[in-house]
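These notes are about the structure you will find just below.
Per-chain residue numbering starts at 1, and chain names A, B, C and D are given in the order in which the chains are listed.
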Amino acid sequence: MTKHRLFWPAAVLVAMLLANLLFTPDFFAVHTKEGHLYGSLIDILHFGAPLVLVSLGMTLVIATGGIDLSVGSTVAIAGALACLHISEAADPGSVSTVLTAVALALAVALVLGTVNGLLVSRIGVQPIVATLILMVAGRGVAQLITDGQIITVTSDPYRLIGGGYWLTVPFSVLLAAAAVTLAVLLTRSTALGLLLESVGGNPVASRLVGIRAHRLTTLVYVASAVCAAVAGLMISSNVSAADGNNAGLWIELDAILAVVIGGTSLNGGRFSIGGTVLGALVIQTLSTTVYTIGIPPETTLVFKAAVVITVCLIQSPRFRAKLARRRTTAHGGRQPEPASADLKVGA
Amino acid sequence: MQQPVLEVRGLRKEFPGVLALDDVDFRLFPGEVHALMGENGAGKSTLIKVLTGVHPADGGEVTLAGRPLRIAGPLQAQQAGISTVYQEVNLCPNLSVAENLFIGREPRRRGLIHWSELRRRAAASVAALDLDIDVTAPLESFSIAVQQLVAIARAVDVEAKVLVLDEPTSSLDRDEVAQLFAVMRGLRERGVAILFVSHFLDQVYEICDRMTVLRNGRLEGEYLTRDLSQVQLVSRMIGAELADLEGLATASRRTDRPAPEQPFLTAEKLGRRGAVEPYDLTVRPGEVVGLAGLLGSGRTEAARLLFGADHADSGTVRIDGRPAALRTPQAAVAHGIAFCSENRKSEGLVGELTVRENIVLALQASRGWLRPLSRTAQDDYALRWIRALNIRPGDPEALVRNLSGGNQQKVLLARWLITDPKLLILDEPTRGIDVGAKAEIQKLVADLAEKGMAVLFISAELEEVLRLSHRIGVLRDHRMVAQLANDGSLTPEHLMETIASGARR
Amino acid sequence: STGGSSDGKKPGGKLVLGFAQVGAESGWRTANTKSVQEAAKKAGVTLKFSDAQQKQENQIKAIRSFIQQKVDVIAFSPVVESGWDTVLKEAKNAHIPVILTDRAIDSEDTSLYATFLGSDFVEEGKKAGDWLVKEYQGKPGEVNIVQLEGTTGSAPANDRKSGFADVIKGDPKFKVVASQTGDFTRAKGKEVMQAFLKAQPEIDVLYAHNDDMALGAIQAIEESGKKPGTDIRIVSVDGVKDAFTAMSQGKINFDVECNPLLGDQLMELAKKVKNGEAVERRIKTVEGTFTPEQATAALPTRQY
Amino acid sequence: MNTTPAARLRGHVPLLVTTVLLVAMFGVGSVQYEGFFSGQVLLNLLIDNAFLLVVAVGMTFVILTGGIDLSVGAVVALSTMVSAWLVEQHHWPILAVVPLVLAIGTGLGWAMGWVVHTFEIQPFIVTLAGMFLARGLCYTISVESISITDPSYTAMAQTRVPLPGGTFLSPSAVIAVLVAAAAFVVLHHTRFGRNVYALGGSEQSALLMGLPVARTRITVYAISGFCSALGGVLLTFYMLSGYGLHAVGLELDAIAAVVIGGTLLTGGSGYLVGTVLGVAVLGLIQTIISFQGTLSSWWTRIVIGALLFVFIVLQRVITAHRRT
């Protein structure tokens, strides 16, 4: 049971939710209001959805041993483009307008992702710099699109994407769920997952078995960009406004954190989408916790630091091993530590 | 008699799911060369890793020169006077040869590293193994064999009570081995105790005074070399009837069926600057072509060109008579070429993945990600080859990283065998593989050729090359100097001469 | 130091103004930038503009390069109040007058800048508080306030918080039951308000440090089935167009203006200080407060 | 292919290319903008980026071992905050404050390194937590910015080290140069330095070769912490203020500088000189931007990105070309 890859992330999530229960007794209460589900848990899912999406893309990138810092900017650009198009359209309310807006955003995301991908795979720029470029410039582009202002749109079909409900469930949650399912299917019921893990695990060997590493690498950056774009649409649609300056600011850090909490190594190789989803939810729960139990803003960061480090410790097998040993041999003759090699060095 | 310098009693080591060492006793006397024998996965490397503190023991005690020994890690082991060459080359590819030799104990002047002195001593210590290489070049630019020699040079350079060599000769050829043995004898004279692991029985019998045999992590027995014939030794190792094995080990595997005229692959003036000079080569279906040469002679390089692993900057390749551009491995694979690298660790296996995944990887790659092998198909392949090559542990879901060296090599072979290629390039395929399995693999290669597969066979072990190949290309200083037809007359000695003299035809 | 001494003394005696902007972190800021740029065009001033992307280092660098380019006047909106003495001394030594816009600096040496043109965040906080006090005058019972703070540590957040607090601490019935940062953004404003609505049984008043957060919060309130402006009364700062629209729908009860359009005033001052005319050391930008009625009236003419 | 000069060249091509591109960039700037081509502009690069240089130097150590340190920006901020707080509120003398601040930084770094090593948690998260912690501590001291009027600090800030040709440097710049020099010696000429490379090349091998992996790993984070703290001190001189929002995103600048300098994020390969060049690149871009002086806010960002793009791509393409 505790052996399972997802056990610890899940445990952490549950623990945090329960912690909330102590402070707000009706934290788990979910009832319907205005014909849709309403409650803290729903909020966590609702606001977590964009992060889940971004982290999803990030997981694939990280699986290949890369990293994508540009997602935040992509989020901003996508939202800005869509809102600009809608706000300038003749009838913002019409479905067709919204669809073209969405298409527009996704198309641009495709381009951005491809640029990242080619920089990394073909030109061989290190992922972190390659995507840093877009991280910096992209923010500017987003502001250029919104002209530095906040574009407010009033369009019910657009509102649906991030703020609306479908069958009483937040539409964004359904969207995220769909994306996750798709990703799982793509990676696990095709060979994509295996090939990605191979490329991330040993690029040289992967090349020598004839895996098209270049193509795969490009692909994951595109995927990441698209996920980010959809997240961008959600975020802007949720507040029916595009904020080129602040939308998706620092979301890349949260996403990477989610991936790592989910048990995927930044060195690439094995990845776990399920873990990532849990990780993202953990992070969202964390911020919700901060609001609900009213941690003063100036100590929020310290609190977060504490939580993050605890989470990581709990997840670290060596920490648990040490704890266990403390408990068993309370203060007996300390036998040699499992030389860290024991875990690291395999022939 | 004098007391052992190193003594192990009741040593136990358990890995999740595997009991690698079970109540093993072991003694090592000063001034002896002691062989540690056993099949792949018997527990030799584990014993060594436990002795040197890489893995903590789960039970038993170790005494060094009479005093009980507590070792927390390789550092302490070195300080205690145990110098080790581990099975896989464990050096830093990014550092220069010189640094790899001396890192951690660099000569210093006024607190700073004395570079010129360092280089001087480095050059000296590789010369001692008469290896002539530029010690300032990064280690990664050298072949696996050179790297292995560097690792040995590093180990023998320090003043040690005990020297541990885990399969140091797996990819060395005669000269290097001879050189190494000379060094080992010198150390033995000086009273150093040497623990030697190898799957080459001849080598063992040449250098070792005493041997300890492990089987499945249990102690089989300790013998004086002279008391035990090779045949007996093998039966001790595998605990099986010899009859069926003796057959394998000796009989020639060469099929004397004439190969068809139409070659599968023809290389003309194929070459790459700095790696291998332009050479011609044809391989016919059903034909085994061997490549022989000293280490660093360019065999691997030559082979890599045929697989598109390196860009050829001159020459052409024709496949089935039609010109083919082998720019990338994909292209080569698409043409039905398979390349089994000599460097399983860095160019072969993906340690994070399971045995099953590693086995199907090449096949899957050639099918593309949209046509996945069904899980059942994967399991079939995995299990079939685990049985065929007797990979241990037999669990397809075990992480390859955790397999023993030889078993890893088998996984690498299986990966390419399932793709059932038209041309199979094997670079040191039997590296680190035990006697029984080696015979199996040789038989396998022969049978595949029998069935019409073209094979390019590279091995540092001349006998092996001779036994299997119809024709043998000889390389020297990165140049193809001769191609000899292997009618029965060709002997290792003759081959050595050609290599040495570099006679052109 | 070298660097063609001609550059400052431009042909045609046009005045060269170096303006070091904080960044473009909000719509307000952009409006501010725009107004400066347009005003410069109108007033025939050559504007050297530099954007610091919220980094004081960059702003200092920008000012340095202005000094090197020998501009006539330097104007800038400090990212932070503190830490300007060094570079301003350099400007002083180069005899380049400096005008602060939008935010003050807390240097003892007042000779470092000619004048400070801008709004007073503490004052804004006070105004918001005053309205609240008036609003609940004579009404008995507790008033539960939730506060959406700006970016933690930023000057407007600090000042608007303290100004507001100063006023309401006079009367014990005002209770700030929850106060979290919404980073001045709508998305955060909405997210935080959602949480407040769940965690706080009773919310009477929302005080947001800027309109964007208020607008985000309004959506949250609506989704929770309450009516913004009536069930929960909302007071906010800035006075951007969207906020006025919301006010005209009665969703915001009171808005304290924080006027970004100080371009024309700035150009005036720049010319004055260039010609060595005396100017007041502290010039407040004309800033009003808006009730829904006033807002509805002002809406059509609102530019940002 | 393995002959010494070739190997040497292979190692240095990236550095050469970077240098050439850097010069080219400066040349373009000089013809573009009046007053750009002056010694002082170059020196200002150093003066304005002294703290970044110091931080990047520390980051180089960490990245060479294959790790990463996200906490640097926050530690810088914390250092400015602590300095300002002690100097202004408690009137400590500079000679007491600076050592304390350095100690705090080093301690934080050491702690992070210790956690990374002993519990095998990925450095990314550990240092991210460190980042949260350090920033958080700033706010617990004060959310306001504290400006420094202490004469010794203002002296450090305003002293000018005159150089020939009427140009000058700031004490901070000098310190930064010294730090870089020291780091160079340590990395390339001491056992510890080489262990850093070995660890980055292959941790497993380093372990099996009996290198002090634990000590090395923990020390590099301590060094990075120290450099961040020192960077913080320099920034305090530069800004004469302590503030929790100082140096936001500095970690990215530092990492970018290191990587642009040709150090591999995977560890084991890179040069300290490269890092210095990397810092110069970022600084030069910023200088060009401020000389340009007509860019709107967003164009500023886009242009920075574009310049970075051009630079990186040229760097890669030329280098790759030389290789084959």
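Convention: a contact is a pair of C-beta atoms (placed from the backbone, for glycine too) under 8 Å apart; a residue touches a chain by one contact, two chains touch by 3 or more.
Keep in mind that what you see is a predicted model, and the values were worked out from it rather than measured.
The chain with its C-alpha centre at the largest distance from the centre of chain A is B. More inter-chain C-beta contacts link the pair A-D than the other of A-B and A-D. Inter-chain spacing, taken between the CA centroids of chain B and chain C, is 71 Å. For the pair chain A and chain B, the distance between C-alpha centroids works out to 44 Å. Taking the mean of the C-alpha atoms as each chain's centre, chain A and chain D sit 29 Å apart. The distance from the centre of chain C to the centre of chain D, each centre being the mean of the chain's C-alpha atoms, comes to 33 Å. Multi-chain contact residues of chain D (touching two or more other chains) are listed as 139, 143, 204, 207-208, 296-298, 300-301. The multi-chain contact residues of chain B, meaning those touching 2 or more other chains, are 54, 73-74.
Counting only residues that touch two or more partner chains, chain A has 143, 148, 297-298, 300, 341, 345.
The chain pairs satisfying the stated touch condition come to A-B, A-C, A-D, B-D, C-D.
Residue ranges of chain A in contact with chain C, taken from their complex: 23-24, 27, 33-34, 38-40, 43, 47, 143, 147-150, 152, 163, 235, 238-241, 243, 245-247, 287-288, 290-294, 296-298, 300. Within the complex, the chain B residues that touch chain D are 54, 73-75, 77-79, 84, 86, 90-96, 99, 103-104, 106, 108, 111-113, 115, 133-134, 136-138, 141-142, 154, 274-275, 311.
Looking at the complex, you find that chain D touches chain A at residues 70, 115, 117-122, 124-126, 128-133, 135-137, 139-140, 143, 203-204, 207-208, 213-214, 252, 255-256, 259-260, 264-266, 296-306, 308-309, 312-313, 316-317, 320. Here chain C touches chain D in the complex through residues 1-4, 6-7, 18, 21, 23-24, 30, 33, 37, 47-51, 53-58, 60-62, 64-66, 68-69, 80-83, 85-86, 89, 106-108, 151-154, 157-158, going by the rule given at the top. The part of chain A that touches chain B in the complex is made up of residues 189-192, 194-195, 197-198, 201-202, 204-212, 216, 269-270, 335-339, 341-342, 345-347.
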